[in-house]
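Read the structure below first, then the notes.
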């Protein structure tokens, strides 16, 4: 029931209940919460607390498969969304439990909700993979380019955005021919290819890159102050399309399955709630017992202790590493080489922050910018001494947050 | 000795902290960031220059004519303390916020042995009034340099995992020792080569 | 998937770069070997003894201090590099207690007192060498003659030049001619090679080389064990740069500022006027190259950021120039880098990236 | 305590200098604290004696008076030493007059310790005397320790007072041929002081640990 940013949804089913595919089983509660739907038809066998991949436990309903898929494979009437009022569009997105699928998991209807003061809004679709070696977003854009673009138009209408930009990575330009075709010849949708170097997929960096492009081409006239820039992941846009046009809730998503232990890495369309192990089975199984299984990407993903964890809405990729690769590194002392400083996209000094947090001096660390760390992992990746910088900085941020409240 | 010579001698070659081991107290062991140290050092430098001038006047016009040479120490000590007190008073009146923001520990400045040391060194050298002032100023500058460098090193050390028995004061002293070795680069021969050639 | 192998759970990221700190140090040691081998070839068994004593003392001291102060001994190779560098900075005929003391001081006082690798703020090799040279100043000039030169009193070209000029010699031609006029003993091979080149190649364009060019280029001169062979040092440096063990900012800024300063002002104290400093001669004798590539680049004691490193390199170049020309003979590079080490924390504070500069704490 | 040592550590290149310095320090320290107590008793009302120093401004602070006292005693020590040992006095240079400030630093440090209840006048005098003497002794031990290390390693000798047939200098064979002269520079003083501070802390920690360990053993 916790597959989004805010409070967990309230579970609506009890053991023994019969559910259908796409049925509402969790009701949004609280500020930034979202609905949860059943991804398969069947009977609820158990409702209990299970730990998520990130270690935070939440209530989940275990559904034993039974009955028929009454939606999948059956044509459903596409609604003429152009005729619907904005509130209706927003309502459909909300009821279908669409959340930011790039990793933020903020319910999309909140992001699209009209703000108190209306300003020129500038819609950016983020088609840059949030982590290296993931491929789900690009596959989606290639195969469902029409739906993605339509989803974008829906959002444009809701937001009354003046401009639409689709940001993609430079390296995926060729692969995305269909998308270009879809976008070309029509109104003001423009496609911008940015450097795909990690962590370019991060929302803030996409925004910064797009805005700096603008100010360059317009001689600095159109800065970020002129309008709000709203960034949505392409997977989210697809979910928006499905929700609005097909009235289909968010019960499946594209997931990259990769890693050195996977026999046939690829991108799968996966129902929410599927076991991780089943994903690997689908990809030809594992070549050897894995040493480490990671949910998410290689840089920020969370390593899990078992293959029984379910795929949730936020899972963009699943990786399995061989045991040789998974051997945890032995951290050597910092030699102040500065690699982390050069790697940090936020212009921090990770090694100093690391030392400050280890000394327990979170106050100084915060004064030196700890809170702008996004845990992107670049510093730890670059570190020749294999110091778990991200882990320490995350701890420091948590300590800092506790200090603020206390 | 030329003024440039005096400046170089007392700021680098004969650095009051690094060759005379004077006035290290505000830097080692005590807490306080770069800001506090820098302002303390600046205040001490100011005190040094004024005191050097005052001591010169005291010696030339009072002590030597009266033949009270042996009273030099108490006279200088009193002079330095009084000047420190007056400066403190003036600063409190003029810029109270600044003083508080900078966090200058007035007593530590006043009782800093570096000031008295500089005054005594200047008195020994037989300088003129203007020279005494320059000696005080450049010694103050040297004091400032040494303390700033040491504080930067200290701030770096404070976040490191150093051996517990040496953490803090001992390591600050050892750092000062290593710094003093590095500053041996500027010795008297260096100065004479610059001014007189090889 | 019914296997019982436990899955490793560790914090992200789950992939890492290819280089590791330990490998960095061993590459450094490797890159130093050609130049030190040349020193051993040139000066024979005494040089080997000095290198061995320095390295062994460093390793033993490092292990002892690590054990005594309760830190695990890490095979990070840094002590070996320190020992090797200390040996390379010693004159070949130095009494063996000097490198031993230098290594012990460098490792125990300069490095391990501060908690070992990465926590010291001063380069242990240089700290040790400077301590030893200040302690036994006379031992610092125990040169051995190069190959093919007459045995007897040998002096490094830099020291010889200085004493020649201090003795009132008027440097009319180049510095090499000045040295030649004072009867500086170049090797017989040098004489043959230079005269051959002068006769067969340069006579066509009406130029001639002074004696000693070949000796200087090859490194067949009296000097410290490790700094005589500039080409082999450059080879090691190229290897390190190619493997990204060291970064270019510090050495480039260092060498550039040193060469410019030496060329522009270097002629003045020699009585040769502006822009006549013979910067290349300065580059090929003394330990500027060794210092610039292998000691100034020590990441532990140089600034973290790129801007800081460039500023650091420039400071080092200017300091080296000043100290080489006006400081105690033989101390130029080590002391310049030590002074650089001292200001490096300050540079780190000044050249901090924008986001990391301290701000007022956020008001709740 | 060790902070007050800094300037004095500059003249620990020879053991004899350290000895003279310690002597001077003890002299000034004892006389200053003695006269301070006596002045307190004569001038202050009994009630206000323990009120502590309010630093409302330097000129109003009673430290100025104490500083003047210390300076006077220092000057008299200078005169005495100049008469008895002119060479050593010259060797110590500006560091003898600096004893005045040094002494104040030590006094101020000592003053930070919690005050005891007001005692009888005689007891107070004796207590002050004892405290000053112990501080002087600690100062002397530290200074002599540093100077022994520095002189032995730095010049291979130990210089003491000439006494009868003994010329005053012990030559340490082995080191005297090639001593580590760098220890005699200012840097050596700092280094020795630093390690001494570390050792003092280590010793203090060991001493604290032992009774605690014994207590735990007894409890079990």
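Per-chain numbering from 1; labels A, B, C and D assigned in written order.
Here is the rule we go by: a contact is a pair of C-beta atoms (placed from the backbone, for glycine too) under 8 Å apart; a residue touches a chain by one contact, two chains touch by 3 or more.
Predicted, not measured: the structure shown is a model, and the values here were computed from it.
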{"item": "Comparison of B-D and C-D (more C-beta pairs in contact)", "value": "B-D"}
{"item": "Chain nearest the overall C-alpha centroid of the shown protein atoms", "value": "C"}
{"item": "Chain C and chain D: spacing of chain centres that average the CA atoms, whole Å", "value": "43"}
{"item": "Distance between the centres, which are taken as Cα means, of chain D and chain B, whole angstrom", "value": "22"}
{"item": "Whole-Å separation of chain centres (CA-atom averages), chain A against chain B", "value": "59"}
{"item": "Chain A-chain D separation of Cα centroids, rounded to whole Å", "value": "67"}
{"item": "Residues of chain A whose C-beta touches two or more other chains", "value": "352"}
{"item": "Residue numbers of chain C (touch at least two other chains)", "value": "109, 119, 131, 134"}
{"item": "In chain B, residues with contacts to at least two other chains", "value": "160-161, 166, 171, 174, 178-179, 181, 184"}
{"item": "Arrangement of touching chains [line / ring / star / complete / other]", "value": "other"}
{"item": "Each pair of chains that touches, named by its two labels", "value": "A-B, A-C, B-C, B-D, C-D"}
{"item": "Of all residues in chain A, those that touch chain B in their complex", "value": "352, 355-356, 358-359, 361"}
{"item": "Residues of chain A defined as touching chain C within the complex", "value": "277, 280-281, 286, 289-294, 296, 298-307, 319, 321, 323, 326-329, 332-339, 341-342, 344, 346-349, 351-353, 363-364, 366-369, 371-372, 375, 377, 380-386, 388, 390-391, 394, 404"}
{"item": "Chain C residues within the chain A interface of the complex", "value": "1, 3, 5-17, 19-24, 74, 76, 116-119, 247, 299-306, 309, 352-362, 364"}
{"item": "Interface residues, chain B side, partner chain C - complex", "value": "34, 148-149, 152-153, 155-157, 160-163, 166, 171, 174-175, 178-179, 181-187, 189-190, 193-194, 197-198"}
{"item": "Residues on chain C engaged by chain B in the complex (per definition of touch)", "value": "69, 109-110, 112-115, 119, 121-122, 127, 130-131, 134, 162, 165-166, 269-271, 319, 323, 325-328, 331, 335-336, 338-339, 341-343, 345-346, 348-349"}
